[in-house]
Amino acid sequence: MIKFALFGAGFIGKIHGANIAKHPQAELAYIYDVNTSAADQLAAQLGSKVASSPEEIWAADVDAVLIASSTNTHADLLNAALQASKPIYCEKPIDLDINRVKDVVQRAGQTDLPILIGFSRRFDANHLGVRHALQNGDIGKLEMMHITSRGPQPPPLSYVKVSGGQLRDQTIHFFDMLRWLAGEDPVEVYATGAALIDPAIGEAGDVDTSMIILKLASGALCHIDCSRRADYGYDERVEVFGSKGLAISDRKPRREVTLYQGGKAISDSLHPGWFERMEPTFYQALDSFIRAVQGEKTEYPTLWDGLMARMIAEAAVDSLKTNQPVKITYWSPEKINN
Amino acid sequence: MIKFALFGAGFIGKIHGANIAKHPQAELAYIYDVNTSAADQLAAQLGSKVASSPEEIWAADVDAVLIASSTNTHADLLNAALQASKPIYCEKPIDLDINRVKDVVQRAGQTDLPILIGFSRRFDANHLGVRHALQNGDIGKLEMMHITSRGPQPPPLSYVKVSGGQLRDQTIHFFDMLRWLAGEDPVEVYATGAALIDPAIGEAGDVDTSMIILKLASGALCHIDCSRRADYGYDERVEVFGSKGLAISDRKPRREVTLYQGGKAISDSLHPGWFERMEPTFYQALDSFIRAVQGEKTEYPTLWDGLMARMIAEAAVDSLKTNQPVKITYWSPEKINN
Amino acid sequence: MIKFALFGAGFIGKIHGANIAKHPQAELAYIYDVNTSAADQLAAQLGSKVASSPEEIWAADVDAVLIASSTNTHADLLNAALQASKPIYCEKPIDLDINRVKDVVQRAGQTDLPILIGFSRRFDANHLGVRHALQNGDIGKLEMMHITSRGPQPPPLSYVKVSGGQLRDQTIHFFDMLRWLAGEDPVEVYATGAALIDPAIGEAGDVDTSMIILKLASGALCHIDCSRRADYGYDERVEVFGSKGLAISDRKPRREVTLYQGGKAISDSLHPGWFERMEPTFYQALDSFIRAVQGEKTEYPTLWDGLMARMIAEAAVDSLKTNQPVKITYWSPEKINN
Amino acid sequence: MIKFALFGAGFIGKIHGANIAKHPQAELAYIYDVNTSAADQLAAQLGSKVASSPEEIWAADVDAVLIASSTNTHADLLNAALQASKPIYCEKPIDLDINRVKDVVQRAGQTDLPILIGFSRRFDANHLGVRHALQNGDIGKLEMMHITSRGPQPPPLSYVKVSGGQLRDQTIHFFDMLRWLAGEDPVEVYATGAALIDPAIGEAGDVDTSMIILKLASGALCHIDCSRRADYGYDERVEVFGSKGLAISDRKPRREVTLYQGGKAISDSLHPGWFERMEPTFYQALDSFIRAVQGEKTEYPTLWDGLMARMIAEAAVDSLKTNQPVKITYWSPEKINN
């Protein structure tokens, strides 16, 4: 049994907490949240103890930590967990300051601890199907990739302002997905976008609608489109096209119910939000992490993957500002184990 | 070039006439219709001569006849064409009086002339795909078959009264399809139905909604459902289920356009009528007939097939009346070539 | 919190136990199984006590019982629970002897206790969608219904022999579904079937492939087909056709991944078994039961529904044996509350 | 009856010739081709006269001309037809030299003759459905558009060399489609591409795989991807995304046949080539042209549309060469009627 300490008892912390409680090889030992009443409530529901401080957790007998607290606490908690030699499952992003990200990566590089960064889409059954087709040679050599992520509603303006912008906040998932699917890194990016949904997002210096083309070293082309709003639910799709065929991770309808009436066939549309669409991936990610903590060799998005996606996002933001294609420069630390 | 004489310049005669005119190996030489102005008009449009009587056609230099006149003329025209040794494409049904059908079959049995009875669904690309799957062994041994035919609107009551009833008029197509797909004949039938759409159909002694179960000699079961009305277009589907899998001839949408709006995905429904759905089969049937006239060995529904479907329909009508399963008795003439 | 006692720690008992443990308003207090090591193991996993006898449970402070033990224990446990005035969630079937079923119904009729019989398909999101369309008037007046249930593999012959036969064991779910969807009871049934998958099933006096037509009092027709095996996964579908349209609870693919390669578009097929397909319904059924126990008015399949489905099954078995349509006679006890 | 003269008896000339012959309001009077035996053969088949020179046609009593000869003859024939005041249906492209295109446009601008340029995709039922949804307000304000065109096989290298390149030859159809769907013109284009299918295409200075982002004046973004090869058939799709929803012109399968076997659902893929996919559009385009010649106000792609698409293509080629986004400059002649 892997004893977990959970940081954060908010929306995503509750999800992770319930998954830990449900997992047959895991036990939720501690919850910490600066909002103590949130921590108390979740602990009561899940049968966990409440930690009065992070320090209590570092001193306690826990086997792994799950960091689901607010973004500005991630880097400190990562460093503390590294210091305490605890395997880490950390929600994205690592930090909005890329230098702090690099610093964490450098520290982590000295260890062999499992560190999973929450790009949980890597565990989606449909996306995994596309990756399997690619790795299996079913579509031959990769030539084009499309990734779509739209909706469901723009976040509050207050969030937009501290989010780092659409490319660092929403699109970054797909910069990671592109690397994960293609098995290679993009070398150049052209990003364009506009605030078409809400002018206030534009006034805040951000975009809500964007299209991005990335070139891979192999010459393959990748297109990503992101919108902060889709009236018809959360729409995420991937297609990979190659010399031998096409593989698609398609729309996932809510139900398989169709009504034929007059001239129309009316079916259910998509899940209302990204969470309903992606919910099963959180348990799968946790399971992969737990097995890694137990010593099994599993695949998961690492701290290094988190940094790589972020470096692509930085180049994309640069392109968005300059309206020029930008070569992506990847930082190479001297020594990294992890 | 095969020179055709066409009997009938009504709705279905026009279709056949245009197809003959379009076919590179065919020529429309004569049109005959008791409605001479209909004949004149179609002849002008298609560049054909008008025959003033059927006799003019039998005396003329024509290679084949296409009988698309009203049902009560079919048997006489078939007999005359047999007498004149002309290959025949005849619309279904052969005759409402089964004894006249048997009589024609017996006469035709003395000849080797190609005679195609218009069960044109045998030429539908989707249904052919299911048949190919069956013949190919893709679904293994046949165990269950479903055939659905619904809509679009009930025919006029005047037609209902002379049609022979839903089973002889609508369902007969699917009695033929069942034989054609299964490659064997049913041995027993249970038919039930009701006038659910229009009580006047019930008062006329007919049903407008029916379900039929047929048992094949192999033990396989076949279900057919027919409705005279489908609010959402003409809905015809087939599925065959076997020891190794399932093959489906599915709904054919009018277009591949989908609108995602709010909670719904709204697509086009089916073709409005049976004719729009089945239109391409008429040309394919004609082509198969023309190649047969030219001496090629092609597959098409024969006069014998027409009789067989009719004998199933008679047993089904008997079952509908008695609410009992009925063994199907097939008439065996002494000698039949065709 | 509703304290539950669970009877049965086998396959389906484990499912129910885990759902009780997961439900925020429920607590799994006791588990009883004649196989004490199975009970011990499940109790350890779910944090429950083990009861050494059913009597211990009747004497204990429990709010509801869930009966998931073997079929031959159901009637006795139902009676004991009624005696102890405990609300009951009981897996189907109630008993293979219909007189024992009637006896239980009569006893239960004296009480107002919530009693849910495990026709859990009533909680399937797709089937609920079709029911909603019907109740909402979206398809107008019901005229035809089709229900398909196929696969995945024939049960062991030992099970076939004690199952009561395909109609009482598999098809009974769909006799219930038909009533639940149509909102009325069938008046006549014609059933036919054969042992097409395994002759040994035929030698055991049962069928593995069946087609059934039922007539409703309104004249609407219903067709059910059942097969004990489908090579391509578990295939369950419903369609309801009416005066204004068609509603379908369609195939549910495992994933939305499609590979276009050469001339083919290759997608995932269905869930491998009925359990993977139906899994979410068990939690939904439990939730409905718990809310009923808490006094809320919820919809669920009652003991009376269990009896009704069984009376249809008896008539269907009679029809299967005699190859005649059979009028369905429903037993009317003098007074039934439940 | 509109009397047509047809220039060109090659692949596409045959299509147009047969459509003219089939159209009830049209008559094919003359065919001209420098390959006189091709002209003779087609004329014999369709019952037309053969013209021994273009001059014979200009002097003859014809109501309209259809130019389907090789690209390098288009401008001269357009000019001669303008001189002779004949309505013109001309296959694309107008000319590879944009100055010659402008010259033709300027001359045509002095007249009111119907001139249709063969962007026949504007007549595709699926694409029309998407346009209708946009115009109807079904998706609200346009924000993003995607157009995909892939396959089926790269053209011969000899053709690639004289084609003007992938953007002027293949993508130009979609530059037109974008304008037609959006109802506004793009202002900036970024194009990137590579020779991923055949290095010889790269050596010839062209690409075979390209991705293009266009910005509309409204801020909406459009992405086009083109590949010269798709192993699985010709894949053309459009999707438009707006403030209220999404409309899709989806893949058009060859047939609606699906085989469920083991873990897979295997359906038909796409039409093998662009022609099979687009065939019905040619007749629709002709019909729209004929009705325009008869004085009806119909919608069709004009000479001006041909020039506009070409000006976008020129900017895209510029972007492809410089790897920079390029502002699109549209040439404004002084006076244009047509």
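Chains: A, B, C and D, in written order; residue numbering restarts at 1 for each.
As a convention for this text, a contact is a pair of C-beta atoms (placed from the backbone, for glycine too) under 8 Å apart; a residue touches a chain by one contact, two chains touch by 3 or more.
The shown structure was predicted, so the numbers you read here are calculated from the model rather than taken from an experiment.
J.: If I rank B-D and C-D by number of C-beta contact pairs, which comes first?
T.: It is B-D, judged by the count of C-beta pairs in contact.
J.: What is the chain whose Cα centre is as far as it gets from that of subunit B?
T.: Following the centroid criterion, the farthest chain would be A.
J.: Distance from the CA centroid of subunit A to that of subunit D, rounded to the nearest Å?
T.: Each chain reduced to its C-alpha mean, subunit A and subunit D end up 42 Å apart.
J.: Counting in whole Å, what is the centre-to-centre distance of subunit B and subunit D, each centre being its mean C-alpha position?
T.: 40
J.: If you average the Cα atoms of subunit C and of subunit D to get two centres, how far apart are those centres in Å?
T.: Using C-alpha averages as centres, the distance is 58 Å.
J.: If you look at subunit A, which of its residues touch at least two other chains?
T.: In subunit A, 231-232, 235, 244-246, 260-262, 268 touch at least two other chains.
J.: Can you tell me which positions in subunit B touch subunit C when the two form their complex?
T.: The contact residues of subunit B facing subunit C are 140-141, 143-144, 146, 150, 190, 192-194, 196-197, 209-211, 213, 215, 219-221, 223, 225, 227, 229-232, 235, 241, 243-246, 323-325.
J.: Hey, which residues of subunit C end up touching subunit D in the complex?
T.: Listed in rising order, the residues of subunit C that touch subunit D are 231-233, 235, 253, 260-270.
J.: Given the complex with subunit B, which residues does subunit D contribute to the contact?
T.: 22, 24, 45, 125-126, 129-130, 133, 138-139, 244-252, 254-262, 268
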